[in-house]
Structure formats: C-alpha cells, structure tokens
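Presented below are the structures under discussion, each in the form of structure tokens.
You will see chain A twice below: alongside chain B first, and alongside chain C after that.
For the complex of A and B:
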C-alpha cells in the first residue's frame, strides 16, 4: 500500500536530465540561463498571476498551433488582440510521438511550399531560442497543449522558451490518446516532468501544471474524471509542483456540470491537504464540449455559448474554448479570435450568474462525492511501493476505468449512458469500486423517465452524439 | 531495494556465477567458475556452496539457470496480434523461446521440433463457431512437438481434449477480453522449463530446497531490468531502453515497448510495458556456427568490419565469406549485437516488432560475453544501425551483473 507522500519526490534529477537535454535539438539548454530568463519574464506570464487577477470572469483560453513560425506568431498576435487571457501553443502529433525527424521533414516541406503539413507547432524542431521570439513583449501566460506520454524533452524546451503552463499528466495524456504506450512508463516520465517544473519554480513564479480532465470526452462519468484529476494533482504535488489546475469537460448536463465542479474543487483541496500538500494552490478549468461538434456553425455557436454560461455558473478559473469550425478541422486564426471575442462578450454580459443549488444538484454532488471517495480510497489501498504504482495497478484491475479509451492498460469494462436529463450514468461499473448504494442511485436516476429512452447500441450512439442535431 | 543477505547462483551453460549480496544490494563477494562437465551440475554447485556459502541458510540461497538454453515452444493461435501475441509474451516471460507463431489457418505447419506446442485463441465464450471450425481442421501432424498445451477459449477445451487425449489444458490468458488477465501460460511453461532443467541437466540432484526454488535466468534478468527502469537499482536507467543479453546459446533482447514503431505489424501483447525477444541462433558458444553463418551472409558485413575497426578488413571479410575465419569471443559478441540490432530495426524474426532505435536513450549490455566488449566498440557500431541525428544513446555495460543480481535478490513481498 502506498499513499501519496513527499518522500516520493525524485529530488535532484540532474543525472536523469543530462541525457535528455544532451539531445542536439535541445540546443544546449542551460539550467541557470533558463532560470535567469524565467526570472526576467513579466510577472503576468505566470498563470498564478492571471488567476489572481481574473475577478468574476473565468480566464479565456483558445487552442491553436501552426507549423510555421510566422503563422504561429500571427495567431499569437491575433489571439492576444482578441483578449485571450492565456495564449495556446498546440504541438503537432509527430512531436507528441517523439518523432522529431519526421516533424523536421514536414516542417521543412511546410516552409518550402508555404502550406501546412503538420497539425501543430513542432516546438522541439523550432527550438527554444526561436520560440522565445514568438512571445517577446507578451504579458500573459502561454499554455503548452500537446498529448505527449513522454514529454520530458518537450517540456524542457517549452520552459526554456518561456512557456510556464504545462498541460498533461501520466494518465490524462496516455489513457485517452494512446493504445500501446505503457501507462507505467508514462507515469514515470510525468514524474520527471513534474520534478522539472518544480525545480524551475520559485515561490512567486511557479511553473504551473494542468491536467486534462475531459479524457476520452465520451460518456466519462464525473467520478472517474474527478478521481483522475485528484490523482494527477497528488502525483505532481509529490514532486514539488505548487500550482496546479484540475479540469473537466462539459458533460452535456448543466446540473451535472455544476455538481462536478463543486466536488472537484472541494475534494482536490481536501486530498492535497490530507497528504501534506497544503502549499499546492489548485485551480479549476472547464473545457467546452469536447465531443463531436455540430457542423452547422449557428448550432456550434449555440453550443459554445451554453458552455460559456456554465463556466460562469461554476466560477471556473479558466474556460478552454472551441470555435464554430470545430467540426471542420483546425480553425483559421480569425475564427479562433472570433471565438475568444464571443466568449468574452458572453462572460461580460452574464458576469454575475449565481450557481443554483437545487435539491437535484445537491443529490448529484453527494452521489459523485461518495463515488470519488470510494475510488480514491481503493487506489490508496492498492499494493505498490510508490503511489504511482498503486495508480498503475488500479488501472490494470479496473478500479479506474475510462470509457472509450483505446489504451490496453484500461479495463474498458465500465459502461455508461445518459439519463433522460442528459446526465451521465453508470450502467455497469465493471470493477469500479463504488458502493452498492451509489450504483443503485445511478441506476435509479437512469430509470427515471426512461420511457422516452431507447435501448442498447442505438441509444449509446445517440448519447455520444448528443450535441449533433 | 533488494532484500538483504542473499547468496545468488546462476548456472549457465559454460559459467556458474555466484555472489554474496549484503545490505542494500551491495556485492560482498562474487565468483565466476567454469562449468565442470565431468562433475555434473549438482555436485559442482554443492561443492561451490560448501566452500563459499558456508553457514548460509538454504532460504538465503537463490538459484537460477539457463543451462539448456531455454524451452523451445511453438504457437498456433486464432490471431497473431491478440491471442498469438499474448501467448508469445507469456512464453518469453517464462524464459521459453518461441520459434514460431502460426495462425490456425496456416496449413503448412513447421519443420522445427519444439518442446511444447501451444494451441490457443479466442476469448472465453460459448458461441465460437469460427474458432471451433478451425480447431476441427487443425492438423497436429504438421507440427513436431513434445507436449501439446491448449490455452484457448475454455468452452472448446472438451472438444480439444476429445481430439488430443494427452493435451494439457490451461486457462485462456485472454479470458473474456482482448488483453491478458492471468499468467496460466507463463506458469505452465515455467514449470515445464524448470522440469526440463531439473531432469535433463541433473539439477534434481541438488538438495530439494534449492532445486524446487530454481527460476529461469531470462525471467530473473527481465525482473532485474524492470527494477532498474523503476529506479530500484544502482544501475541508472531512464527512458526508452534496450538491454541485450549475449549468451552462449542465445541472444536476448529486453526492451521498453515505446520503442516499437507504430506501423509495426507485429507488436508485444496489449498491456505490455517491457517485452523480451530471444534469438535462438545467436550466441558465442553453442550458437557460434549459426552466428557466423548469419554474419557471412549479411549484406553489411564489410561495413560491420569497418565499424569495429578490424585490422585487415579486406582479408577478414574474405575469410569470413569463405567460412575460414576463426573468431575470438569478443568478435562473436559484437557479431551477436550487430545481428540482433539489425534484425530489430526491421522486425526480422517471427513475432519480432519493428523498433525505432532512434528513440533509444540507453542500451544496456549484460551477460557473460558482454563483459568482453568496450563502450567504444559499441559506440563505433551503433551508427551502422541507428541513423537518427540528435539522439545520443548512452551505452551501459553491466560489468558486475547488476541486472541479474537485482532480479534474483528482488523480494516481491518486501
């Protein structure tokens, strides 16, 4: 049995870092030089500052990444002008898979033909010196969005570039994205990443970590998402990370979103404190709908508006926004900036929304909280010499189970559907260690108004595609 | 960390390794003794223990062996990517050497003789007409084997038993899903491997407390590799890593699976983190001739000789081509390494995935023959095989057999 502990901190990882930053594409990253560079950045480049100053409105962050430097620079300026509070840097998928030579070839081709052959910015190939130029004069945080199970080199280059919000985690960037990348290796690699972030952090300028809560974005029960968020916060805190954002994706049910936010925020704090990580600040991000988006732009705009209002109701620290072209592919810079502008407008207009606290939401929150506690206590009781090993074992036997994950280490035994109100319900828990009473309540809620619900596969498809026409 | 005070013994084909391990895994004493084939394994080991492990309790003595080079197994399954991969994975983990993975649709069979033929496939479900049809068509006479083990859909076990009366039935590793859920194949092969060792190699004459606890060396080495990757070893491993164990009869690869190319047709079984592959034709003693034969026909032989900075490259090249060359063990070890790596980058071998060695952060060389190599020799060799700019692969030669010691000393319940 291994619970989260400060004793799990990797400590001095100079020997582990040396071979990573000796890669020629790391361009001789020097720890002291990067420390000096980070110390000279404007204070507002750090997410903690943005969160402190946000007032009533959630910070707004779009997504975006283009292969060529000039395109990325133009996007950065466009999003900055539109009022984005966080500037994104989305990484191409070859870099995510550590295929830097392929990324280099396609970057060259993109530049030669002035046409994009990569679906994001190949940060490692551009290098930190060039990328620093991307953000010269910028006075807001830059967020690294990727999906990389082994992000050790990527994060070194990102931090050296002045990117001090690092999204990801051993679970959230492995289980939803990969079929075969071993989870135990991803957990170990992200331990290293967390430690690097902690080593570059100072008390007033922490390198910020964020987990990716939507996971597979397909009928993930809130309790599963919350348990994973808390686990990733604890794993990061073990390594000394002191500024962390937990997140989740719009479920499709407003009452479930409100309940999820309440439980996530409360339990993240509670479990960090329980294991002695009182100094780790925790924030909440909300992702607009991450499932299949409507092709119709008017409907997409409506969906974006709905998500924005929920982010206000739950008092999210940040909302990660989509665009009306989400269903069509990578949006143009102007479409992306329009999305930021629209979301900002909605947040300003409805800035004093008060979270409702109906009996329905209260019951939902109680159910989710009970489930999360059961899952986490079961994980803490797993055998293992370190907490990460307990987490790994918990996945192997299905105590944590992400629906529709392609990953071989995920049990894929949990089945979920929507109830008549659109909330996600657990039909078959697989090995999920929730109580019989919680399962009974899940199924009771599923059966309410079930006369209007279909059965089986077709209903499952309809539940997945709930935001289509 | 390994448990304290262990006396470790590895009975190899040519060498017996002994080590006395103290607190925190420190090596107090270590010995390497050539096998005395006139004496027999049991008597030699008992004599060594009497002089070097005097006063050490039996429960502190741990023995492993690879003396017969591993059990040879063949696999016939419903699919290569799921059931075949799962069965092969467990066979490798048990220290056995899978020679082939056929599907039930392959009707030509194999000429290799294997000690165990594993027949499996499907998940446990009563409605399995396609699998049933294939099993009915399966012609065992196309294969040459000592024992037949069925590890497929359990609902078809009775039908298999009716056709093959002496078949051994074990649990289906896949059970009801597409990933392994039990170690039934691992256990049956490990038992068979050890029985084979005990009876063929004379280990049965060892005192019972030692003979009964003996484990296959490949399993121990794989466990040691795992400990190092999980940072529970003095050997510092970090990142995508390959370990090559060059022995007398075989050359084993142990690797972290993130090095497998995404487009590789063959893959380790789903859910595998660290995989093993064994080349039964590469080795420095028992497999000396087949190693030389492979090298002789290799299209990059000349480049290989250049890379390892042989004197008289042209003369050596000609001599090898004409089968007149008498290599020393160092040359054979380098040849095994070269051939194993060149096969790994193209997936040349039954069930061997295609590796992207450009991702390899470290390569560890372990085993007796590796002791003869220098880091510089490996540095010279790698560019022939790994041509990825930027990545500097670290080379570690396991001089003290740390991997083996970490594996054999590991106490799972500690």
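For the complex of A and C:
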C-alpha cells in the first residue's frame, strides 16, 4: 500500500536533468539564466495571477499551433487581440513522440514551400531563444498543449521560453494518446517534469501544472475522470508543485456536468489536504465538447454556446474553447479568434450568480462522490513502494479503466452508455472498485432494451455521436 | 457436435497499420460479441503477420481487418498469401472501414482487395448488421474446423 507523501519527492534532480539538457536542441539551457529570465517576466504571465484576477467570468483559452514561427506569431497576436486570457502553444505530433528529426525535416519543408506539414509548433526544433521572441511584450500566460508521454526535454525548452503553464501528466498524456508507451515510464517521466516545474517555482511565481480531464473524450464516466485528475494533482504535489488545474470535458449532460464540477473541486481539495499538500492551490478548467463535432457551422456554434453557458454555471476558472470549424481540422487564425470573441460575449451576456442545484444534481453528485472515494481508496491500497507504483498497479488490474483508450495497459473492460437524459452511466464496471449499491444506481438509470435485443453496439454508436448533425 | 453456425465461431479482429483509431474497433468487438461470436481483438497497430499468428493460435474461423485512416491498401497487399504460408489458405478474410486514401469507385476497391485475397470488402459501409449477416452466411458455408 502506498499513499501520496512528501517523501516521494525526487529532491535535487541535477544528475537526471544533465543528460536531458545536454541535447543539442536544448541550446545549453542554464538553470540560473532561466531563473532570472522567469523572474523578469511580467507578473501576469503566471496563471495564478490570471486566476486570482478573473472575477466572475471563466478565463478563456483557445487551442492553436502552426509549424512556422511567423504563423505562430500572427496567431498569438490575433488571439491576444481577440481577448484570449491564456495563449495556447499546441505542439505537433512528431515532437509529442520525441521524433525531433522528422519534425525538423517537415518544419524545413513547411518553410520552403510555405505550406504546413506539421499539425503544431515544433517547439524543440525552434528552440527557446527564438520562442522567447514569440511572447515578447505579452502580458498573459502561455499554455503548453501537447500529449507527450516523455516530455522531459519539451518542458525544459518550454519553461526556458517563458511558457509557465504545462498541461499533461503520466496518465492523461499516455493512456488516451499512446498505444504502447509504457505507463510506468510515463509516470516516472512526469514525476521528473513535475519536479522541474517545482524547482523553477517561487512563492509568487509558481510554474503551473494542469491535467487533461477529457481523456479519450468518449463516454468516460465522471468518476473515472475525477479519480485520475485527483491522482495527477497528488503526484504533482508530491514533487512540490503548488499551483495545479484539474479539468474535465463536457459530458453531454448539463446536470452531470454541474455535479462533476462540484465533486471534482471539493474532492481535489480534500485529498490534497489529507496528505499534507494544503499549500497546493487548485483550479478547475472545463473543456467544451471534445467528441465529434457537427460539420454544420451553425450547429457547431450552438454546441459551443451550450458549453460556454455550462462553464459559467459551474463557475469554472477556465474554459478551453473549440471553433465552428472543429469538424474540418485545424482552424484558421481568424476563425479561432472569432471563437474567443464569441465565447467572451456569451460569458458576459449570460452571467450566473451561484452554481444551480436540484434534487437530480444532488443525487448525481452523491453517486459520483461515492464512486470516486471507492476508486481512490482502492488505488491507495494497491501494493507499491511509492504512490505512482500503486497507480500503475491499479491500471494493470483495471481499477482505473478508460473507455476507448488505445493503450495496451488499459483494461478496456468497463462499458458505459447514456441514460435518457444523456448522462454517462456504467453498464458493466469491469474491475472498477465501486460499491454494489452505486452500480445498482448506475444501472437503474439506464434503459437496457437495446442491449437485451443484442444491439447494444448501435446504442453505443448513437451515444458516442450524440452531438453529430 | 453440431453447434449453431454463429455460436462460438472464433474471429480475429484488429486495426492494421499505424492507425490507432480505437473507437470503431471496440464497437465491432461489441457487435460481434453480442451476436455470439468469440472475438480475439488485436486492437490497434497491427502488421499482417500479427493476424496470421493470432489466427493460427486460436484456430480462427475468420479474420477481420479494419483500417480507418486508409493505410489498408498498403498493408493488405498480398494478404492471403501470408495465410497460405502458415497453412490457413482457406480462412475467411474480411476487410472494412476507410480502407483506401482518396476517392475511388466501390467496384475498383472491391476488385483491388479481392485481388489481395479478401472474401468480403466493406469500404465505408456503416451498417454493421449487414456485415454480421454476411459473416453468418459465409461461416455456414465455410470450411473452418
């Protein structure tokens, strides 16, 4: 059995960092030089500042990454002008898989032909010296969005570039994004990343970490998503991270979203406190619909509006926004800034005093809370010398099971569907360690007619594609 | 012992190439299981030999290859010959999904993949009930032990 503990902190990792930053693409990153660079950044470049000043409206963050420096610079200016509160830097998928040579070749080709051959900004190939120039004069945080199981070099380059919000985690950037990257290695590499973030942090200028709650974005039960968010917050806190955002993706059910937000916020705080991490601040981010988007732009706009209203209802600290061209691929800069502007308009227009409550929401929140507690206690009880080992073992036996993950270490036994209101219900728990009573409540709310007819797969497809036109 | 045709027939299922589109694969697995088949799911990122080895290991009645990103054309060339080599010359071979890149006529695609040795080709046919009905029929006539 291993519970989260400050004793798991890696401490001084200079010897582990040395081979990473000796990579030629790290351009001789020097810890002290980066420290003084970070100390001289505008105070508003730190997410903690943005979250403290946000008032009643959630901060707005788009996504976006282009291979060429000039395009990324133009996008950054455009999103800044449109009023984005966080500026994104989305990384290309070759860099995410540590294939820097391929990224270099396709960056060169993109520059030669003035056409994009990468689906994001190859940060490591551009390097930190050039990337600092992207954000010269910017007075708001920049967020690193990627999907990298081994992000040790990427995060060094990001922080040296002045990017001080780092999304990811050993689970959330491995289980949904990779088929074969070993989960135990991903967990260890992210411990390293968390430690690097903590080492560069000061009390008033913490390097901020964020977890990716949507996971596979396909019928993930809220309890599973919340348990993973809390585990990643605890793993980061063990390494000394003191500013952390937990997140989740729009479920497709407003009452379930409200209940999920309430339980996630409350239990993240409770479990951090329980293990002595009272000093770690926790924020909540909400992702607009992460599943298949409608092609029809008017419907896409409607879906974006719906998600925006929910973010206000739950008093999210941040909303991560989509665009009306989501179904078509990477949006143009002007479509992206239009999305930011629209979401800002919606947030201003439909403000909300306190998160709503109803017997239905109350019952949903109680069910989710009970499930999360059962899952987390079962994870804590797993064998291991450190918490990360217990987490790894919990995955191996299916205590944590993310539906539709491509990963070999994921059990894939849990089966979920939607009830009549669109809420995600567990139909078959696999090895998920929830109580018999909670499982009975889950199944009670489901209509299983289609399953008994032997056509559950049709229902499942309809439940996945719920937002398609 | 004579069982119903669709009871307990063993199907090897998997996505070919470097494709990691897992949603369709999981749905097919559930659909086949619900119909009474025993499914051996190789999931994503498979090479042709993975299907061969699995089919041999479980004495499969049929192999079901899918491709969502169009890599099928590249990886499926000469598919049946690999089964000849392990003594499964007559195994039933199905392929489906978005099996080629770009647009070509259904007849061209049928001809191409039948040339590779597939018995049935389902390019962009979302109705899975048809696939299952065909599979039942083919297995009734099939010669797997």
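Everything that follows uses one rule, which is that the second predicted complex is superposed on the first by the 458 of 469 C-alpha atoms of A that agree within 3 Å, B and C clash if a C-alpha of one lies under 4 Å from a C-alpha of the other, contacts with A are read in each partner's own complex, and residues count from 1 in each chain.
One rule holds in what follows: a residue touches a chain if its C-beta (ideal position, glycine included) is under 8 Å from a C-beta of that chain, and two chains touch if they have at least 3 such contacts.
Model, not experiment: these values are computed from the prediction.
**Q** Once the two structures are overlaid on chain A, check if chain B and chain C clash or fit side by side.
**A** In the arrangement built by aligning on chain A, the partners chain C and chain B clash.
**Q** Quick check for you: in the superposed arrangement, does A:149 touch first (chain B), second (chain C), both or neither?
**A** Touch status of A:149: first partner only.
**Q** Per the overlay, which chain contacts more chain A residues, chain B or chain C?
**A** Tallying touched residues of chain A, the top partner is B.
**Q** Of the partners chain B and chain C, which touch A:460 in the superposed model: first, second, both, neither?
**A** In the superposition, A:460 touches chain C alone.
**Q** Once the shared chain is lined up, is A:380 touching chain B (first), chain C (second), both, or neither of them?
**A** neither
**Q** Have a look at where A:277 lands relative to chain B and chain C in the superposition and call it first, second, both or neither.
**A** A:277 sits against neither chain B nor chain C.
**Q** Based on the superposed arrangement, let me know which partner A:404 touches: chain B (first), chain C (second), both, or neither?
**A** A:404 sits against chain C, while chain B stays out of touch.
**Q** Who does A:180 touch here: chain B (first), chain C (second), both, or neither?
**A** So A:180 meets both chain B and chain C here.
**Q** Can A:117 be said to touch chain B (first), chain C (second), both, or neither?
**A** neither
**Q** Taking 2-10, 128-136, 254-262 or 290-298 from chain B, which overlaps chain C after aligning chain A?
**A** 128-136
**Q** Enumerate the residues of chain A that count as touching chain B in its complex and touching chain C in the other.
**A** Overlap of chain B and chain C footprints on chain A: residues 179-180, 408, 412.
**Q** Please give the residue numbers of chain C that touch chain A in the complex, ascending.
**A** Of all residues in chain C, those touching chain A are 20, 22-23, 26-28, 30-31, 34-35, 43-45, 128.
**Q** Give the list of chain A residues in touch with chain C in this complex.
**A** Residues in contact with chain C: 179-180, 216, 218, 403-406, 408, 412, 415, 451, 454-457, 460-461, 464.
**Q** Where on chain B is chain A touching in the complex?
**A** Residue list for chain B touching chain A: 177, 179, 229-232, 236, 238-240, 256-258, 260, 262, 267-268, 270-274, 356, 358-359, 361-362, 388-392, 394.
**Q** Can you list the residues on chain A that touch chain B in the complex?
**A** 15-16, 19-20, 22-25, 97-101, 149-150, 152, 179-185, 188, 192, 385, 389, 396, 408-409, 412-413
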